[in-house]
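You will see chain A twice below: alongside chain B first, and alongside chain C after that.
== the complex of A and B ==
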């Protein structure tokens, strides 16, 4: 990596209360606060967010099912346990989604704990994200961060009834055609 | 070469045959390749080339329409246009981020664009000379882009595919607002009808060129299809576009500037005349109507943003020292 490149942050987003927290993409930023602001600019232009998380990519432990089968993770690690968010990619086409939280002393041990808790077959790919490394949008900022997109209904393709308009145009053309035929 | 078996390709590309075979088997099973997974150097190179070109196109694509924001004919049209141009900026960001997951840096990609080394879609090197051009860009240019992007939403590289899913959803707003505008003007006053006809006459052929050279002249296609990056060829996508647009434009009473255009019962396709490839290559190589102007605007924007980048880096460095 070029040393002028800012670090990469993974972005997670919850579309609405009660919906899963999903991995959304990545941003680069000079620090984690700016990462959250960039994430908001890039990913919240449509009314589908109630909260957003960012986490430094380099602190995330990522393992595929194949890698885990070939090289099972060690459940034990030195040091004190801390909280990890466990994300899993459940299908090839799907984004990774939040499965839950485990306590472990390392990212690898957190993956091992996740396999025990959720089952090795639960996900195609596992991510352990140290909870302390995550910056979440402040619920108090949800209004200014996410509400503006909701009022902009003209960004919704359903606002443009072009299929109906084309049908009406064709119907009009057919009527005109018949009128011409009749007067002949 | 690329219809060949995996061992032969491994030799050509200097890759480990077993790893290459496993990689191709993953693609055949419909698995998505994710950042950090093993991938052939050529797969990474082709993706960086495509994704960064695509990102540049989104960013340069803000210019032709952005020029009309202050001249939109109503508040509604102005809000729509601002949102659309903002979306293009966002799409550029999704795509640069996707390319960065492959190890490309923002700096390299921007250098390649600003030095003229990287390409972007030839369509943005044409001028927008009347308001109706914004409608033509929405319906034709974004419509063409959606066909390509719908294909890429199924591509084998996870981050590119996911970026495309979001982009396609947003591009449908772009296409439909343009189509709505063209339909309304095509049924409007004589001046509006003339303006729309002129816009379609100028944008039709450059839009067909957007799909790229004929398959026989598209050297990367076979490998891109083999590795699930592309699933359809330039000519297939171009034909689908003409099949969609020709009857709709005609229903609006708009003349398509191609005397050879006709519906072919046997194939179910709308056949069209020869594309002026000299014009295409001229524009790609930097000699289109607006290439110099577009690049000058990008260089100026990059220069104008320098103090912001420097301030962000300085702030981050200072915060780290305090920790």
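== the complex of A and C ==
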């Protein structure tokens, strides 16, 4: 077993009721149920969560604004329409955010529908995620899923200001070093 | 009249199970099959160690000990022969199938026990049990998922899971033995371990069969449980390593 890379799943998370559903990261997993379990372990604390979604990365249609300008998406596609969630990356530093839902017969057609609905300038990158491919955490399950992590502050990365501490240590080491140089 | 010392002995045995299982599982940190699983299982190990702390603290209250210092003293300064954990939880971690199946077998029993404890007439005990139970729901989902997938996966994964079951089953029967102190407690304080064992046996037997795994006929049963006072040859090394840093300077403040 040399290749241990399981399929990739994108993880989406809503911090609190009324807040946007945001892309939060990626997990690998053998299947989608394990992906949701892994997503809980990896992301439930960053930040707080009321619901979590996972979707297989390979089923997501992704287009940047530049790609769309060079090669406009076809609005027509063969087959029956299905629901797609549309996510948009609204700024360079921002996480992709859920903008709404469209009905389309393909991922590309869903992106075309999103451009028409939200405006081509609305996002830097578009994601069309087939709703049927998404596994969502069960709202009835939010207690066991998210509550235990809240008490465990030691699992919060903010509890470990390693970067700040390293910076302070380096600054101190540099000062000491200069002092030594000056006294030579 | 509740015998506080008897209940404390019971809770310390529960805490020892959680601690030693958490410690064994923590040995996977950095070695799990994939990064996400490494994080998940390390989290799970931390949870178990956290649960042990809750039980040691309750025991400290019952014994009139300092609940801030008692858990550390139990974990880091107690001689190996005074631990009352099951041999099931102290066995070396084995392969991934072994560790997943052990955690599964333990977690199912714990769910049944926590359900009983959360209805205890002893309010402080019921409250802690209910808290732990919420967290254990996900432990069980995690290990159930793995046992099923490995049991029904490839020829190799099934072979490894079956080997893990064959190795673990004789030790799992220890789950049904009465805990220290249990016999001296009035009805309604803690659930009867023998009754929990029956419920556990029915649940895991059905689940393992669905996962394509076979409990070997003629396996020893509850009639001959392993005493919690007996430890395997690997246990002394585990305790020595776990306590090595604390024992360098028992008075140090952390």
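Rule of thumb we're sticking to: the second predicted complex is superposed on the first by the 145 of 184 C-alpha atoms of A that agree within 3 Å, B and C clash if a C-alpha of one lies under 4 Å from a C-alpha of the other, contacts with A are read in each partner's own complex, and residues count from 1 in each chain.
Going forward, a contact is a pair of C-beta atoms (placed from the backbone, for glycine too) under 8 Å apart; a residue touches a chain by one contact, two chains touch by 3 or more.
Computed from a prediction, not measured in an experiment: that's the story for all the values here.
Asker: Which of the two partners, first being chain B and second being chain C, lies in contact with A:147: first, second, both, or neither?
Answerer: Once the two structures are laid over each other on A, A:147 reaches chain C alone.
Asker: Between chain B and chain C, point out the one touching more chain A residues.
Answerer: Counted on chain A, the partner with more touching residues turns out to be B.
Asker: On the A-aligned overlay, A:27 touches which partner chain: chain B = first, chain C = second, or both, or neither?
Answerer: both
Asker: Could you say whether A:37 touches chain B, chain C, both of them, or neither, answering first, second, both or neither?
Answerer: Second partner only, chain C.
Asker: Return first, second, both or neither, reflecting whether A:132 touches chain B, chain C, both chains, or no partner chain.
Answerer: Once the two structures are laid over each other on A, A:132 reaches no partner at all.
Asker: Is A:166 contacted by the first partner chain B, the second partner chain C, both or neither?
Answerer: Once the two structures are laid over each other on A, A:166 reaches chain B alone.
Asker: Let me check the overlay on chain A: which residues of chain A are in contact with chain B and also with chain C?
Answerer: Correct list for chain A: 4, 6, 27-31, 34, 38, 41-42, 152, 154-155.
Asker: Name, in rising order, each residue of chain B that touches chain A in their complex.
Answerer: Those residues of chain B that touch chain A are 30-32, 34, 36-37, 76, 79-80, 83, 86-87, 90, 93-94, 97-98, 100-101, 103, 105-108, 159, 161-163, 169-170, 172-173, 175-177, 179-180, 183, 187, 248, 251-252, 312-313, 315-316, 319-320.
Asker: Of all residues in chain A, which touch chain B in the complex?
Answerer: Answer in residue numbers: 1-2, 4-6, 8, 25-31, 34, 38, 41-42, 45-46, 62, 64, 92-93, 95, 125, 152, 154-157, 159-162, 165-166, 169-170, 173.
Asker: Contact residues on chain A for chain C in the complex?
Answerer: 4, 6, 27-31, 33-34, 37-38, 40-42, 143-145, 147-148, 152, 154-155
Asker: In the complex of these two chains, what residues of chain C are touching chain A?
Answerer: Touching chain A: residues 33-37, 39-40, 43, 46-47, 50, 134-135, 137-138, 141-142, 145, 149 of chain C.
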